[in-house]
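Two complexes come next, and they have one chain in common, chain A, joined by chain B in the first and chain C in the second.
Showing the complex of A and B:
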């Protein structure tokens, strides 16, 4: 009856209930005798039915009722809590998930007819199980206590984005005022400005805190996913998660989890062997200096690089000539090429023929990188490196012609002033303390030919390698506010973004990855 | 006259939010509780004009809540409308026997019907209060 008005609320709350249901199902699978789990499932379904009814989703109600009946039959002991029947309920979760997608995108329920028929068949099947002694399992009682949500409310992420954008603009303006206040020399203006600045920054921190979600929460769906793919692949897979209590901005996590899902699918389908002993996938996340490092590793059959190379030639991703000259270290990147889909990969899970190229695309959005380490018959490890998001950060700023540039201070290992200006634009290396350090050149990302001689050299630490960046203007250290998604950045895709200084000056932030 | 106060007791997050918003729009004051125990507590503290009560809930079921409401002289006279998924005649009978004024099933209730019912029972309550006062006067 309230269809459109409460759609978002319905989707998010039902999503949470479905998640709960899948979690309990996994527990039930491990302890099939635990009646409490069955009761919890029943209550979840019951609640979902109430929501669907309020929204007027008639088909959903009938379907949920049918699933409820299956659970009821299990509680009554007329239907065994065996693998087949549990699979059926797992599939019901998938169907309900698909239903949410449909409602989300088409404002319409699924056609449940075939699904309902499937459940009816089970309910009517004359299978009777022997009533074994009904000892109610005492282990792990399920906590039926409803979470105290009275003090919480659900806010759409879009809403937070809006506030964030306004706040960013506000911060930029305050920075401008700050600059002017300092110049004016009037202490009253200055102190008020400083207070406004502190308040705005507190607001920003609070807002950032609201956007932060624990990895644990996002990862908690993965065991269910792994189980479902492994089941389809007739494999036995154990997923181990090490989230290390990391929390991150939700917008980043959403992208990240898509990447991880793709890698995990890939591992289950291609990596893990079809053996009775369980294969293992380890997912771990760590923060290292200013980046998030996520690894997905399996103990499967490993990647045969010669086969990858052969496939790349076969698919004309590279020529035969190129394949002869290719460096060993360059082969892994072939895996992520769009042209590398093989028919064999075109299965429903890891496949769609695009698996790993999707990883590459999504990583690009996050300015991240991926490494692959693999040994035949030992396993494969994908290592993701993601820069942590910037908001306010200290930086080194300078000019290139008319272009104001900046780089986060966290990348800068050291700054040296050259004893005398020196043109290094044609050099490959800068020699310092008898060490050859690779020189970076802004020519690759700026539509300018930089001829000016260098005054300074910045040593940058990029993934534990040191690079030298020549600078021909004066430099200064300053605090910048990152501007989120300014539209102009579409024209400058090779930069990480725009940031604004206290004098109101706009700086282009270098994207380190594009310099290498 | 102040807006009538409705206590809405349901463990479902979604339903609480939807009904809170919709009832507020219809000029009711709304108090929420997310389980049976909290429902009982709020019934005493908030002295609502009417209670809408779910049946299957954690901590205390709707039936238990009803029983305790009836036992307490302070809450005995608050009309309770049951809003449940349980559609069996037995459940319905049990609810009414325990003192609920009405038994509505979530699957086929619309907000319009619910608001009509709320007004109906609120009116009859004021009338019976009025009648009591009158009888005292006589």
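Showing the complex of A and C:
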């Protein structure tokens, strides 16, 4: 093996080539007479072979060589570009994808023997070419491995993380100097620090831009996936994508796409009916307030909620007693219960349930939420709500016991200092200007009973409603740098994450939605 | 026949010397500020910030059942696991050492592997065992 050190680079470049290959295959399927598509496929395969050779993945090289031979035969007209042969290349894409997964997780190639034998069989079998088939144009075999210009460079995400960490540290230090300059009244130092601050912020924004990927790019893999599942299910499914030119951080998109794939799989397999007319899945993404809303809807058979309820009782997710008292609006949440996610659930009329607990778990990682709207024979709509990532933000910060807390200033409508400290821990409402405002309480997210009297009240604007949050300590406005959540934060799902102050202190950022 | 050498970094905690496998991220640092986490988990000391990274600080003493009072600014052994950064709270960082033999003590259930330094047993911190106890990568 050449070196494990370059594995990440190999995986990302090959992944990009595979994506290119899948896109071209979809186009070729619609227009099998287009020789340019075949040549592009050949060039992608050749590039992948070169990368595999650099890494010393011998089995992969042999397999890619065989796939190349199949494409070459199509170009030379000795193999028709028909449905069966295109399916074979689609399967080759899947095999190469599985191979990448194996290399990624186990540092080992797949055993390609069976796959190679399948390709050899196709290449050796005598094929009758229809004379009318114009794809069989007799032409000289061309040198397909033409040099191509490439002005792009692939940088490993880990490398960007390192630069971002160094930059964050620089920003925190600049913030510290700025604070000291303000305190000591040194205007010249303050002015220089402000310039340094602007430059470092610009640099961070540019770095963030490098990590941002258009949804369009990520979603473009999905038609291939839908085609593949629909083909296996013998269904006719049309996927409509509305990405609305949204771009997001790649790390978030990677998680999001897994969720979407699961929902689309469910829609194709269980939602869409087997009938000659095409079923439709609509995938749309929109920014609303400060969240990303992704909708996956289908025009399939819909969910029979009475059967979901019966299954929940049967699976002992809820008791018979609870099932009698359950509100209609609470039934959809049963779908995401782990106990409901088993293969046996596939006989629910609408067939939902499989893998949905995984969707919920993954969304949790992104601090997201999901809602389901469905009616029998009227299709199903899954609506995902994801908070947009914070980077550098102004906040209101305070202390609760040992914990420094902060909340983005964008949520804060008003701060009032109470004329005298007041215990509101048992109150449900705070009355201000003769209006009753619902009080929030940190007791629900902290492992202690907060009984300290309130000094301040923060009025928070959450989803166009005003809530009051009592604060017992002093408060300050503070600029914070949001950091990527370490895995340990999975144990603290009620917090949005962690951010660093100018003094290098770590602050817990409240997830407002969890306070409601 | 060539003998494969393995490198360890050693440290002291509660009067005992322990060893951890040496990797490219191994370094000792002083934990200037520690955010305790609002969670009941005896293995977690909190979160610290080091060179732009959030570092989750772990209670080495709790994994080894040692009687130790953690100082407010403990020394920590920095290491990375998957995509996260961790620190093992210790008393004092010691030396790196190369060994050719790892021993196993059958009477111990966990952390039962050890190396010998000056004929003394030095138990090895098994990172995989730590994360199976913490259950955050399940």
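The rule is simple: the second predicted complex is superposed on the first by the 385 of 516 C-alpha atoms of A that agree within 3 Å, B and C clash if a C-alpha of one lies under 4 Å from a C-alpha of the other, contacts with A are read in each partner's own complex, and residues count from 1 in each chain.
In this text, a residue touches a chain if its C-beta (ideal position, glycine included) is under 8 Å from a C-beta of that chain, and two chains touch if they have at least 3 such contacts.
Remember, it's a predicted structure, so these values are computed and weren't measured experimentally.
Participant: Does the superposition put A:46 against chain B (first), chain C (second), both, or neither?
Facilitator: first
Participant: If we overlay the two complexes on their shared chain A, which of chain B and chain C does A:445 touch? Say first, second, both or neither.
Facilitator: A:445: touches chain C, not chain B.
Participant: Just chain B (first), just chain C (second), both, or neither: which does A:6 touch?
Facilitator: It touches chain B, and chain C stays clear.
Participant: Would you check which partner chain A:166 touches, where first means chain B only, second means chain C only, and both and neither mean what they say?
Facilitator: So A:166 only meets chain C here.
Participant: Considering only touches as defined above, state whether A:429 meets chain B (first), chain C (second), both or neither.
Facilitator: neither
Participant: Which partner does A:54 contact after superposing on A: first (chain B), second (chain C), both, neither?
Facilitator: first
Participant: Which holds for A:505: it touches chain B only (first), chain C only (second), both, or neither?
Facilitator: The answer is second: A:505 touches chain C but not chain B.
Participant: Between chain B and chain C, which makes contact with more of the residues in chain A?
Facilitator: C
Participant: For a test of understanding, state which residues of chain B touch chain A in their complex under the given definition.
Facilitator: Chain B residues touching chain A: 10-15, 17-18, 22, 32, 34-35, 54, 56-59, 85, 106-111.
Participant: Spell out the part of chain C that touches chain A in their complex, as residue ranges.
Facilitator: It comes out as residues 32-33, 35-41, 44, 47-49, 51-56, 82-85, 134, 136-137.
Participant: So in the complex, the part of chain A that touches chain B is made up of which residues?
Facilitator: 1-2, 6, 9-10, 13-14, 16, 43, 46-47, 49-51, 53-54, 61, 144-146, 148-150, 154
Participant: Once bound in the complex, which stretches of chain A touch chain C?
Facilitator: 158, 164-169, 172, 402-404, 445-448, 483-484, 486-488, 490-492, 498, 500, 503-508
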